[in-house]
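Take a look at the structures listed below.
Next come two complexes, and both contain subunit A; in the first it sits with subunit B, in the second with subunit C.
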Partner chain A sequence: MPFKRYVEIGRIALVNYGKDYGKLVVIVDVIDQNRALVDAPDMVRGQMNFKRLTLTDIKIDIKRVPNKKTLIAALEAADVKNKWESSSWGRKLIVQKKRASLNDFDRFKIMLAKIKKAGVVRQELAKLKKETTA
Partner chain B sequence: MSYKFHQFQVVGRGLPTESDEHPKIYRMKLWATNEVRAKSKFWYFLRKLKKVKKSNGQMLAINEIFEKNPTTIKNYGIWLRYQSRTGYHNMYKEYRDTTLNGGIEQMYTEMASRHRVRHHCIQVIKTATIPAKLCKRESTKQFHNSKIKFPLVFKKVRLPTRKLKTTYKASRPNLFV
Partner chain C sequence: MAPQQRKPHVCRNPDLIRGVGKYSRSKMYHKRGLWAIKAKNGGAFPKHEKKAVAAAPAEKPPKFYPADDVKKPLVNKRKARPTKLRASITPGTVLIVLAGRFKGKRVVFLKQLTSGLLLVTGPFKINGIPLRRVNQSYVIATSTKVDISGVNVEKFDDKYFGKKVEKKKKKGEGEFFEAEKEEKNTLPQEKKDDQKSVDAALIQCIEAVPDLKSYLGARFSLKAGMKPHELVF
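For the complex of A and B:
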């Protein structure tokens, strides 16, 4: 199985541990075998261990260590936010976040919606069963 | 990022006497874990260079030196003198890091692991920020590539917080990237 996601300048990664958990960051330079210089529009450029990063499929086109303005422009040009939120990984994370932030009334509404959906599915199933037996 | 070794600028001189009203002032840049140790190290080194001791000298200033650009990567060359089991040796080591304190800390940990030298047996002679062309070690030169690209070969599965850690898991982890 060849590798598809490489650590390279411009690779978007997700932080999976620590203070910036859940953030999307850009790998802006590689310090050494274990650490990368990492940047995001809302954080100070800093170093991060690769163990704290999970690489994504998204890569943007930047030179080594761009300044903040160039970085933000490149992120806009590559439309990273939309690409991420429309990818299946990104969508799953959004759903997880939504589920974690529900209040009791939302959970009640979800319960009703689930019951309704199950009722509709069962009706269709009953129709199909009738057709096959008949 | 909290570093164990901080860089201090220590300034001191011998006490003024009748024969020498204005003794020369000496300044050193040192690495120590705290200010007290830095002052002590200052007198240790100064004693070896000049005829002055802490008891007949005075400390004029001690300031911590912070990194000016902690957001850029630099190649640090460190010259050191260390004591091994058989004698004293000089060494030159290179590190890639964002701050000098980080490079020094890398040096101390590497000396401890590779040569079993404890930190009190190491004296830093000189440090310098080396431009990429003048680096000598292959292990730092291999990162001087503007189109650097490599895969992460082994993904360690780790929980986002230690609170969620469990001893037993339902399924085996997927270690591929």
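For the complex of A and C:
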């Protein structure tokens, strides 16, 4: 079980604690054994402890500490946003956010939809059962 | 020049901090030009003559002094106002009733009455809740809104919902055991008509939104895994 995701310049990480919880950031430099310099298009570049970061599979091609413009251009070129949102991890997070923001009416509609779907599935299952026994 | 064309006057003595002006008394005296006014008036500040105060009619000393001092109650200038309505509750909001015989039912908010209570209706055909008053504290406001512009709720106020005063009958000995009271528990036809007229326009707007009718007919309940402090209503 070797490591697959390394801390390197250009590694995209997810912030898992603190003010920027849930944001995707780029590791732009390593300060010391515990801290990294971290940057994102919508935040001021700053330091973060590695314990606050969870590494992702995505890596972009940048030099050490690029300026904001270069960073944004590199993120666009690597299409980080779409890669993240189509990855299973990214999709899960999106679904979690959607569920948390559901209205009482939305929850009701979802309940109706679930019951309908279960009904359809059960019908099909009954059909298949009949076919195999017949 | 018309008064509206004047430039708004800047304060002559701006605050350095609250309570401390930039200029001292002597500087302000000079700035206000009191020296010029005095000079114009020949060395002294112009005085107005005091208006002659009409001599107050001589009050006779009172004939009676109470033995103990009577305390006067303190001044109370508070006005009675209806309870402050939560910002999330606007006319047409769907509310969840939390207590009483309709607990868990979802209901449409119409308006706030002068007593502070909320006027609310099922609508009756959908979930059996008539025009009713409900306290704001026993209600969760959802973010679902119904269009209420076609409904006229002007005529409803607290008196409409008050208990009817029965005229006292004189006690007759023979009638003591007969209990001649009419069973006045039937709703007057007028209230039924009011309910119908309010609900007619509402039900049309509700049926325009898919699933809203069954939503209003269903009761709310907490299921496993639902954390009320994390739920968005």
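Rule of thumb we're sticking to: the second predicted complex is superposed on the first by the 134 of 134 C-alpha atoms of A that agree within 3 Å, B and C clash if a C-alpha of one lies under 4 Å from a C-alpha of the other, contacts with A are read in each partner's own complex, and residues count from 1 in each chain.
Going forward, a residue touches a chain if its C-beta (ideal position, glycine included) is under 8 Å from a C-beta of that chain, and two chains touch if they have at least 3 such contacts.
As the structure is a computational prediction, the values presented were derived from the model and not from experiment.
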item: First (subunit B), second (subunit C), both or neither touched by A:Asn103; value: second
item: First (subunit B), second (subunit C), both or neither touched by A:Tyr17; value: first
item: Which superposed partner A:Leu112 touches (first subunit B, second subunit C, both, neither); value: second
item: Which of subunit B and subunit C A:Ala134 touches, first, second, both or neither; value: neither
item: Contacts of A:Val7 with subunit B and subunit C, given as first, second, both or neither; value: first
item: Subunit A residues touched by each partner, larger count belonging to subunit B or subunit C; value: B
item: Subunit B versus subunit C as contact partner of A:Arg45, first or second or both or neither; value: first
item: Complex contacts: residues of subunit B adjacent to subunit A; value: 1, 70-73, 96-98, 140, 143, 146-153, 155-156, 158, 160, 176-177
item: Residue ranges of subunit C in contact with subunit A within the complex; value: 94, 96, 142-144, 211-212, 214-215, 218, 220, 230-233
item: Residues of subunit A that touch subunit C when the two form their complex; value: 100-105, 108-109, 112
item: Residue ranges of subunit A in contact with subunit B within the complex; value: 1, 3, 5-9, 16-17, 21, 29-32, 37, 44-47, 50-51, 54-55, 63-65
